[in-house]
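Two complexes are shown next, each including chain A; its partner changes from chain B in the first to chain C in the second.
The block that comes next holds the complex of A and B.
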């Protein structure tokens, strides 16, 4: 029931947030605190790597909606990558996959 | 009418760090009962969503949440209940649905998907509220001889999934 995050700056305008663990009501605030500041810079491409995320629920989904809004407002972009089938399924059920850009497979940058 | 085999119950503080404890408990129970991997994950999410609702909405200050599980031969029935203010109940039914991708991003809500998920992932869902809110969630064991078609809040969605 823990979460860890790590920010990797690939280039001037590209930032990768690697998330590992479980995103729920307890850990979501930490994700939010680490993710939102990345989206507040104009022109930046934020990639969230969820390869090592084993569990997510609506609280976590809400964090990504918030981050997407923040990115929009600041002229940044948000993209999710590395989702396992279960995590991806939640985005599909809730229709969030229509709103948030989600990679089908890991991108080279995030590896 | 039918034999009820087992009952278990736990009371937890309505705090975020205990949602995971409820999740682990039902995960262990569902695993023991022989639910599939996907069903176990569905049960974990549904119970966590119900507990998260309690944590976020039930109490102005502190309170408890109660998780009880009735184990039947063909299903498990889990109830998450609180003794807080049941004001949420009136707002509940209105916004059950997925995200509308046609809406401007600014208008998307960051909450409110929890009940929709419970409704989608469980076979039968009942919400009641007198002294607090109680959400009852039933998941059937997927066996060939088991009749799965029960009237629930979400028959349409789940009927598709069960085929």
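The block that comes next holds the complex of A and C.
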């Protein structure tokens, strides 16, 4: 159960976090440590690329919710992209797709 | 203390003398017994080395040159072991203490869950809830009113272990604060959501499904807050349908409306509610499909509801090598007549 993250700064106010692996109770703290600081800058657009994420559990969802709240508090935005079917289903069932922006297709910037 | 040191000294002297006279198995056995005793009395490794040197010098006052000094070096080396050993001891004590505390908490948590399943004429109910470790993040609840209406809830608190268990008490007390009479599922979730939203950390949430069954009209009304969909078995068509109620998880949006759904339950029909620990069962070949669960239920469908859930749990536990990764809760509610 490994997780790796990589931050790519596309422009002054655009940051992409590329995540690979599985997000569960064990790896969630690492994702949080890498994701939350990105959302703490006013006006920044944070895109999380989950193309290489095979699995997310409910603890993982909690990290995205926490990051979303942090983004809202700091005047930043958060967007998820590249979700596989299983991960997308989790966001749909929990209704969290109502509050988090999720791209239908991979955006060009994140590729 | 000094007395027991003296005793140990004499004991060790006897063991060593006997062993030096004859290197027997028996002598080694005494050495093992001695080592148990020093462990019990929490004597550090360097003290044992020092004891050995003391006795040795009594036996052989004229030790070869350098022997005494070499023991001083060994003592220094053993000191590190001694420190590590004492640390190990204190950690072991702390672990024991923590374990005892967790056991108390786990017992207390058990009291949050209903201790018996309500008996309603014509209704067959089976429930099984098993935590992955000692504390559970799964919650379920039954309530029966005077008109034989049954309310049932299943909830899954994000994460598992102690934080989830602490959150469970909030759900339990919120549910208990409602009057006995049946609340409409949608309204109930809206109320619980308000409490949870105000009292939960920003990265936590709770999924929940609440249903109420009226045994006079055989209506099952339900609403869901982002909970893992269950199943509805329709006897007339011999099919399983997904039992999903759309709605966001509890604790995210303050004012949320939860849509209510209604089903008419015919004889032989049953409702299956579950937590994601059931559907996210992972075997060596990957995650099991939801169809695998309905297939399992089908296999045991002829049995009483409690036996169905027991069998499904056993099969899924076995598929995971008897090592649950997540808390497991499965409820079946079947109309008999």
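By definition in this document, the second predicted complex is superposed on the first by the 111 of 111 C-alpha atoms of A that agree within 3 Å, B and C clash if a C-alpha of one lies under 4 Å from a C-alpha of the other, contacts with A are read in each partner's own complex, and residues count from 1 in each chain.
Here is the rule we use: a contact is a pair of C-beta atoms (placed from the backbone, for glycine too) under 8 Å apart; a residue touches a chain by one contact, two chains touch by 3 or more.
As the structure is a computational prediction, the values presented were derived from the model and not from experiment.
**Student:** Chain B versus chain C on the shared chain A, clash or fit?
**Tutor:** clash
**Student:** Tell me which partner A:26 touches in the superposition: chain B (first), chain C (second), both or neither.
**Tutor:** Touch status of A:26: first partner only.
**Student:** Is A:66 in contact with chain B, with chain C, with both, or with neither (first, second, both, neither)?
**Tutor:** A:66: touches chain B and chain C.
**Student:** Which partner chains sit in contact with A:37 here, chain B, chain C, both or neither? Use first/second/both/neither.
**Tutor:** Neither: A:37 stays clear of chain B and chain C.
**Student:** Between chain B (first) and chain C (second), which does A:75 come into contact with in this model arrangement: first, second, both, or neither?
**Tutor:** After superposition on chain A, A:75 lies in contact with neither partner.
**Student:** Under the stated touch criterion, which partner chain does A:57 make contact with: chain B (first), chain C (second), both, or neither?
**Tutor:** Touch status of A:57: both partners.
**Student:** Could you look at A:98 and tell me whether it touches chain B, chain C, both or neither (first, second, both, neither)?
**Tutor:** Both: A:98 reaches chain B and chain C.
**Student:** Would you mind listing the overlap between the chain B footprint and the chain C footprint on chain A?
**Tutor:** 25, 57-59, 61-63, 65-66, 69, 86, 93-96, 98-99
**Student:** Write out the stretch or stretches of chain B touching chain A in their complex.
**Tutor:** Those residues of chain B that touch chain A are 16-17, 19-20, 23-24, 38, 41, 44-45, 48-49, 51-52, 55-56, 98-101, 105-106, 108-111, 113-114, 116-117, 120-121.
**Student:** For a test of understanding, state which residues of chain A touch chain B in their complex under the given definition.
**Tutor:** By the definition above, chain A touches chain B via 1, 22, 24-26, 55, 57-59, 61-63, 65-66, 68-69, 72-73, 86, 90, 93-96, 98-99.
**Student:** In the complex, go through chain C and note every residue touching chain A.
**Tutor:** 156, 158-160, 202-205, 207, 225-229, 244, 246-249, 252-253, 276, 280, 287, 326
**Student:** In the complex formed with chain C, which residues of chain A make contact?
**Tutor:** 25, 32, 57-59, 61-63, 65-66, 69-70, 86, 93-96, 98-99
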